[in-house]
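Pasting the structures in now, so scroll down.
Each of the two complexes below includes chain A, the first together with chain B, the second together with chain C.
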Partner chain A sequence: MTSPNITSPKPAAPAAKFASRFDRFQVVLLGLSALAVCFALIYGGYLLTVMQMAMIYAIFCVGLNFFMGYTGQASFGQNSFACIGGYGSAILCVQYGWEPALALIGAMVVAGFFALIIGYPTLRLRGHYLAMATFSLGLITYDISIQWTSVTQGYMGYAGIPSLGIGNWTVESERGKLVVLAVLLAFAFWLSLRMRDSRFGRGLRAISGSENGAAALGVRVPRFKLIAFVVAALYASAAGSLYAYTFNFISPEAFGPAMSILTFTMLFVGGVGTIVGPIIGAVVTSLLQEVVRGSGHYQDIAYAVGLLATLIYAPKGLSALGGLFRRKKEEA
Partner chain B sequence: MAADTTNLLTVRDLAAHYGHIEALRPTSLNGGPGEFVTILGPNGAGKTTLLRAITRLIPSSGKVEFKGQDVTKFKTNELAGLGIIMVMEGRGLFSDMSVKENLQIGAYKLPGSQADKDRQLDKVFTLFPRLKERLTQTASSMSGGEQQMLAVGRALMADPKLLILDEPSLGLAPRVATEILSTLGSLNKEGLGILLVEQKAPLALKLAQRVYILSSGSVRAELPTHEIKSHHDLAKYYFA
Partner chain C sequence: MPSIVELTQSLVTGVGIGLIYGLIAIGFSVIYNASGIVNFAQGVFVMLGGMFAHSILTRYGLPIWLSAIIATILVAAVGVLVQIFVINPRWRRNAPLFAIILATLAVQLLIEQIVILTLGDQPRTYPEFTSGGPLKLGPIAIPYQLFWVLGVGAILVFALTQFFNRTPMGRALRACAQNREAAALLGIPVERMLIVAFALSAGLGAIAGILITPTQYTAYLIGTPFGINGFIAAIIGGFGSPVAGLVGGIFLGITQSEAIVFFGAGFRNIISLSLLLIVLMFFPKGLFGGFAKKA
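Our next item is the complex of A and B:
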């Protein structure tokens, strides 16, 4: 008898292999997100800024999905690592004259190191306790970014940050920045796919299913949780750095607790634990904020209604809607 | 005490608490290489606690040896590396993952080449052909019986030396339960050591060579299964 070789499938054509991971609905949503980017590039103006933010948040959420989606852990403190990334890049570039690309990597190393030493004791906690501990981490970092004025310049913010570039090549135009952010998001997404489908990624998803079950099969649960936390921190740090390079200015509010809540919302709207959910969630939520802005005084209510409707009618997120429709059709 | 090299598994004075409650009093048991040992007992006897203590899923006192090696300080994942694999009560499947992914995770600690992993997979498909038909389905979408087959199949992907099962027949139709337990019997005949906790005593007694009867957190009796002739024999120990 010959098995269908599940442990290492025969290599398929790259495009076919890539497409086989998504259902048609997810492809449509991804296509619509790409269209939104194209529309912003053509239309220009404020929509460019909205889509730049969406791309940055999407990178953040792709990382957050590792920890919250695949590994099934709660963290409300990833804004800390975006803060380290943002301020780290700003300080390294402005005060020490580092290349932006090099400063981005340097800040990621620092954020990864902090995630390692903070995550080691913190990840012994579970459930609500872990959520509270990580939330307090976000609050502490936010407070430090306000109070440590000699380094961060407090509420005044940090200005004069260069745009992203390597050597003599810098991206100054708003359209160019959006293109670069979209390309970096595509790279971050591809990297996350590779990790998700690896032995490590399967271990993470097993932890999400059952920590004891994963351990009983040989998965080193504490170590894997820590690595997932560090991976999420690296993505958050990169997102923080890109924020600094895109808007050339940062202030504590950019990386405050509101960032944690917003990215948490994006992840759940898109579909926590799904492959494309972080991107869909970031784009839809960013656009939704702008759509409801026209409702004047009622904009917060309109925003909340939109989000609640999404969570009620698409409890597993927008990117899982295709599966939901398919099941209902099969049941009918 | 000297290490016991004749047994596959030796448990000495293993005890566990949940808070102030003593769930498992100092308990000793052993299992030889290729032996099928079953643990019977009423609800709340401490059977699951005993298995969780052996596999280090809960803290405990006492000593556990595997092939003569003291593994008391080992972690659960390290025991899996040695070949002690547990199928937990409630199956412990990764419900959002497909059958294929569940089986891949089963081979997580399996050393050797790809060919070894494929051989192991062939073995699982021979035992449970239905898994091959359901390869892309999510574990949660399968019937209870199929889920239990997947749980056992996933454990077998690790090529265990000792398979520990906690009530694999729980919630299954009698026919399916018999099918799964019979498969365990076949595996044992091929030399796999099995430690089974089971509520369906008649089925377990048919397959096992030795039985431990657990009640109120301690072992009431250790018998060869052929010495148990009727339910009355069991009841005598259950309610002793």
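Our next item is the complex of A and C:
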């Protein structure tokens, strides 16, 4: 009853063709998200910023989904890798004059390296212990980013970060930034699909079902977990860098523990372990936050109550809601 | 190198704050042992204890001991509500672990916001239980409140040990901790035991909050740091017994306040979180063993 498998195991998809992996409902949700981006592009203004945020968080969540959704492990500490990504590319660009695109990759290498070192001992832990160890990791990084003022400029934040670009081509306009982010998200998503159905991805999903079972079938459980952790860290680092390039300013608050909880929420709202869940969750949660912001003091209350209700009535998130309808149809 | 006086003084401070962490740690382990759930909203009970006690004290002019008792009972009631409305629906559905962790975090956010709306966001405090002090032992000052914390801590640990070992209800709770299915088969109402565990744990948190408020202050946002430190203390001590939790808390408190002396206040959390990581890696059952179940 103490659920040794941390997420409810997902019945293995029959895989094979591209289209068969999505149900129609998920495609509709994905289409609505794309529509939201188009809407932001047309109307501009503040909605652009909201959607830029949503795209960045979606990239983060696609990575997190590898570790938490497919592999079924808990990590509350991915914000530390976003922090490395953000500050890494800020410092590489501003102080060493690197190309933004190059700095993004450089920061990813650093974050991946750290994930490897940290993940190796940490991933032996399970359940609450793993959740807490990773959470403390995120808190430590947050505190360091505040205290190590000579490098991070502390609370003041790091300003003057260039926008993303290659060579002479830089993206300065807000609309351009959103388009670039959406394209990058699409690329990240495509990459995650490829990885999900590779031998590696199938191994991860086997681990989520049963670690012992997976090990018996020849999946090297510790190594697979570690790789999933590193993959999630790489995605997080890229998201952190993109955050820096999009808003040209970062501060410790941007990568604080609140980020972990927010992305956790997004993943859950969208549907943890589903293919489109991370993207749906990021878009819906970002928009929802803006909607409830109008209610002033009641904003966080509405938010918390909504989250609690989602957790009870749609424990697999929005993108699994389609399954509910289908089941009813079959029964009828 | 800091002087001996400085070190001793920070030792005294560390023991005081450590006892508080210990009480919170016991609250964590009571729920964890009964249900396998780590209630990450534990810190909220600490905050509520201080806030309720202050409100009752100032609004109705009751004496401090009465306010403390009423506040503790009220917070225990909040704990029961959290269990019934938030934890139970998930528990019955066998929700995944993540969902419950996230739900307790959402509860924390919810309660904090309700407190802002009803009691305001201003930090508040009230006088120490015994006026006068601090007690001077040479150059070292010991606030009287520390004796209250020590005394109450000792009484609580003694009472809890008796409760878990002697009373039918305490034994039933321990039975749930060891094997829930078997306990249910023996006729122990497991869900009701969970409610008891939440009430107990919330009450412990409230007492910790009421005791610490005079030396610090209380405000809607103090829940998170206390919750995290209490959890670290629980990990250090192991989830086994009340004594282990208390000792873990004192160990953490002393480490933290010595860290402030050596590295400065900014590094306090970094040191204590690193301590947590070390303990998790090398002593996953806590420094004192205990019967921490496999997670």
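Criterion: the second predicted complex is superposed on the first by the 313 of 332 C-alpha atoms of A that agree within 3 Å, B and C clash if a C-alpha of one lies under 4 Å from a C-alpha of the other, contacts with A are read in each partner's own complex, and residues count from 1 in each chain.
The rule is short, and it goes like this: contacts are C-beta pairs under 8 Å (C-beta built on N, C-alpha and C of every residue); 3 or more make two chains touch, one makes a residue touch a chain.
Everything numeric here is computed off the predicted structure, so don't read it as measured data.
Enquirer: Looking at the overlay, what does A:R199 touch: chain B (first), chain C (second), both, or neither?
Expert: After superposing on A, A:R199 lies in contact with chain B but is clear of chain C.
Enquirer: So which one touches more of the residues on chain A, chain B or chain C?
Expert: In the superposed model, C touches more residues of chain A.
Enquirer: If you stack the two complexes on chain A, which partner ends up touching A:A214: first (chain B), second (chain C), both, or neither?
Expert: first
Enquirer: Which of the two partners, first being chain B and second being chain C, lies in contact with A:R126: first, second, both, or neither?
Expert: Touch partner of A:R126: chain C, not chain B.
Enquirer: For chain A, what residues appear in both contact lists, the one with chain B and the one with chain C?
Expert: Residues 1-3, 5-8 of chain A touch both chain B and chain C.
Enquirer: Considering the complex alone, what residue numbers of chain B touch chain A?
Expert: So the residues of chain B touching chain A come out as 55, 57, 75-77, 80-81, 85-86, 88, 92-97, 100-101, 103-109, 114, 117-118, 121-122, 125-126, 132, 135, 154-155, 158.
Enquirer: Tell me, which parts of chain A touch chain B in their complex?
Expert: 1-8, 199, 202-203, 205-206, 208-210, 212-221, 273
Enquirer: Which residues of chain A touch chain C once you look at their complex with the stated criterion?
Expert: Going by the criterion above, the answer is residues 1-3, 5-8, 68, 74, 121-122, 124-133, 136-137, 139-140, 143-144, 146-147, 261, 264-265, 268, 272, 297-298, 300-301, 303-305, 307-308, 311-312, 315.
Enquirer: Considering only the defined contacts, which chain C positions touch chain A in the complex?
Expert: Going through chain C, the ones touching chain A are 32, 36, 38, 86, 89-90, 93-99, 101-103, 105-107, 109-110, 112-114, 116-117, 180-181, 228, 231-232, 235, 266-267, 269-270, 273-274, 276-277, 280-281, 284, 293-295.
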